[in-house]
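Each in structure tokens, the structures are laid out below.
Shared chain: subunit A. Partners: subunit B in the first complex, subunit C in the second.
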Partner chain A sequence: MKKVLAFTIMMHFVAAPAYAMHISEGLLPLNWAALWFAVAAPFVVLGVRRLNTLAKDDLAMKPLVGLLAAVVFIVSCMPIPVPTAGTCSHPCGTGIAAILAGPLIGVVISTVSLLLQALFLAHGGLSTLGADIVSMGVVGSFAGWFVFRGLRSVGTSLALAAFFAGLATDWGTYLTTSAELAAGIRGTAPFWPLATKIALAFVPTQLPLGILEGAMTAGMVTLLQRKRPDLLVKMGVVKESKVAHA
Partner chain B sequence: MPEKQRFKLLYIILIAALLGCFFFTRAPRSYVGVDEAVLEKIAAEHGRKPRRPFIDPGEGDILLFLFLGAGAIGGFMAGYYWRSIVDTKPDGKEH
Partner chain C sequence: MHYALHRPERADNFLNRLDGRVKLLVVLVLLPMILSCRGFVFPLLVGALSVSSCLRLGVRPRHLLLRFAQPLLFAAAVFLFKMFTPGAAPLFSLSVWGITLIGYADGLVAGGLIACRITGAVSLAALLGFSTTFTELLSALAWFRLPPALIEVALFAWRYLFLLYDDAMVVYGAQKNRLGYVGYRQGLRSFGTLAGAMVIKAFDSSQTITTAMAQRGYDGTTPLRQQPLRKQELAAASLVVALLGVFWHV
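Moving on, here comes the complex of A and B:
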């Protein structure tokens, strides 16, 4: 608690513009854009298969997946003013999807959201869609899911594990975006200094936004645990024996 | 302190700190969408400029309208599915 308080007070004094959000149309060269599509494709295919299997096995999953899709879509195109940076950025939401429905479903949900945003909201590009799917969908979902499962396996409470999963989703996404952008635009410049420069430029915006995303993830998971614990049991988020104590 | 109270206190501190940041920050307050203002800026330093989107919303308030519409549809969907989740008992029957 004291560390969080000290950190947020410290953020008052970190005043710098920041870099974030989806990669815009045309920023990545064609070869890099194609590479990220190739990286994203198997995850999307596996995610669609998983979604079909889930939908066949249990019709009750449909409202949950629909809810998560709506949440990821809204959250990932909602510019939130970040006072510590004086700019706007957005959370990802894929951590919640990964925790509740699995990381592969998180990839599919983010793919649909990113495609709609690129097509109709000029938010992210179509040529850079693959890179955005990899950063927000693949890395965001899997980072959140691994952190959540890892913390739960060592006995961390549901809310705390979800908080850190949200944090990992947000920070993982933006670290990946830094690497993708650096790799694409560096030309003959060395990769690591540029990637580090972009990642550090993210810090004033994404540190507080990551905390917000963690809080949001913890809030949603605990709310669902109160309202529909059976759904969490069904998705393997909590054990049936521990529903009352999670 | 019980865990629930600790979390409530943490939320209160975070919200208060964020509001405090909002009013007392020394950062420039342009609040520009950083996808346009900054990603493009650093890419331009390395010779990459963004292209116009394939479906260009153009100038004026069209983009504002599209975001509002997307938010309204997304919000309706989220509310609809949330209601069908919380109004359904574990055995599949509605309340």
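Moving on, here comes the complex of A and C:
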């Protein structure tokens, strides 16, 4: 127990200032890097197909998805002070993308955003792109979208549903990243104890950050509802008849 | 962000002139070799060559350090973890707040290897990023059969990234001047508004862009022209990879 505690404290001090959601270039061994690419590929292909289908009806769809990818890129580069850790971390931004454009398009947006970050900022990497797409794109988008749709279907308000969607996106992403890291670096050590240790090490940063991301997502959706409800209707987030009551 | 995304001042360098597809091919061959090698020499050699090439390109050491900051922190964390993971041969022990931590020789080697791989891989990716324009890279990725829709979305994202970023900074500055970031609650509200305003801007811009592009003949596809691949460049790149490959077993 003492060793777990010591390790957690040590990992926290080293990992907290880092961009914890992106797995660094070169960190995963070849077999794990290839596996995560194989897991991510079908989602990216389905996302691209969905985008092509939507783009046939609406010529503005590709530019819109590109601009949303730019927004996710900027949001996920912005440092947010984390009170409990005393450091800065960054939100995912994929939750809002999934809410607005759907989870499959969310995967495409994340892929583009992660590719840009890997090539030009060294946040994440080319070899770890598959793993990062799985954690931020696939798990982040689907967790956020399912939570949002689930809560909306039981009558939860738009802001509250968006808050929990942002929360699920962030925590889902960081838990998946912890598992990916543990699987990649464990060597001969057992998987679950290590995954737990890594997850615990990220808790002081990611636990409050998830709440911050939830609040940010709720803030974004509330602003759209107040200022531009037509956009929420266009993206199928709310029905036209319910705009006034959402 | 601009410092990292814009090309640094560079001389007319051989690496800049090299076909983007050849550079990408070299990176796609060397990266798996780095990830699968069992020695320290290969990743460190690739890392040293890449960093020195970056410096020859005119990249400022400060920019290189900023680029490496996050991966090196990750490398340090993994190195420490592996070193203190129970192994076969204890090397040293230290006491932290009354808790005794034992460092193991085999963990030290395993951690060092991962840290070297990270250094080598990050340096290689940095060299690719610094020596190749984004459009050149996307053109190369299209040649490698990446879905055209993904390429188009990436091109749109890249084209409007700086405009959105500048807009975001103007709004952020205005919010800050109006004490929008005093206290966490207020800061969070301001950040949510900022992010929401960016989404609105993205929506509106996408409509304007599409109208403008449709007037100029945009039909939903963006053609990317490919020059024929130069065999001399491909041969030279193969030679470099083969020479480096000699050190893969070391």
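Just so we're on the same page, the second predicted complex is superposed on the first by the 217 of 246 C-alpha atoms of A that agree within 3 Å, B and C clash if a C-alpha of one lies under 4 Å from a C-alpha of the other, contacts with A are read in each partner's own complex, and residues count from 1 in each chain.
In the analysis below, a contact is a pair of C-beta atoms (placed from the backbone, for glycine too) under 8 Å apart; a residue touches a chain by one contact, two chains touch by 3 or more.
Keep in mind that what you see is a predicted model, and the values were worked out from it rather than measured.
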Touching partner for A:Leu46 - first (subunit B), second (subunit C), both, neither: neither
Which of subunit B and subunit C A:Ala159 touches, first, second, both or neither: first
Subunit B versus subunit C as contact partner of A:Val112, first or second or both or neither: second
Which superposed partner A:Thr205 touches (first subunit B, second subunit C, both, neither): first
Which of subunit B and subunit C A:Leu30 touches, first, second, both or neither: second
Touching partner for A:Leu121 - first (subunit B), second (subunit C), both, neither: both
Which superposed partner A:Gly66 touches (first subunit B, second subunit C, both, neither): both
Subunit B versus subunit C as contact partner of A:Ile96, first or second or both or neither: second
Contacts of A:Ala183 with subunit B and subunit C, given as first, second, both or neither: neither
Common interface residues of subunit A - those touching subunit B in one complex and subunit C in the other: 5, 11, 15, 17-19, 22-29, 60, 63-64, 66-67, 69-71, 73-74, 77-78, 81, 83, 116, 118-123, 125-127, 185, 187, 189, 212, 215, 218, 224, 227-228, 231
Subunit C residues touching subunit A - in the complex, by the definition given at the top: 1, 4-5, 27, 31-32, 34-36, 43, 67-68, 70-71, 73-78, 80-82, 84-85, 96-97, 99, 101, 110, 114, 117-122, 125-126, 128-129, 134, 137, 147, 149-150, 152-161, 164-165, 168, 184, 187-189, 191-193, 195-200, 202-203, 205-207, 209-210, 213-214, 218-220
Subunit A to subunit B touching residues, read off their complex: 1, 4-5, 8-9, 11-13, 15-29, 60, 63-64, 66-67, 69-71, 73-74, 77-79, 81, 83-89, 116-127, 157, 159, 181, 184-187, 189, 194, 197-198, 201, 204-205, 208, 211-212, 215, 218, 224, 227-228, 230-231
Subunit A - residues contacting subunit C, complex: 2-3, 5-7, 10-11, 14-15, 17-19, 22-30, 33, 44-45, 48, 51-52, 55-56, 59-60, 62-71, 73-75, 77-78, 80-81, 83, 93, 96, 100, 108-109, 111-113, 115-116, 118-123, 125-127, 185, 187, 189, 212, 215-224, 227-228, 231
Complex contact set, residues of subunit B against subunit A: 3, 6-7, 9-11, 13-14, 17-18, 20-40, 42-43, 46-57, 63, 66-67, 70-71, 74-75, 77-78, 80-82, 84-86, 88, 90, 92
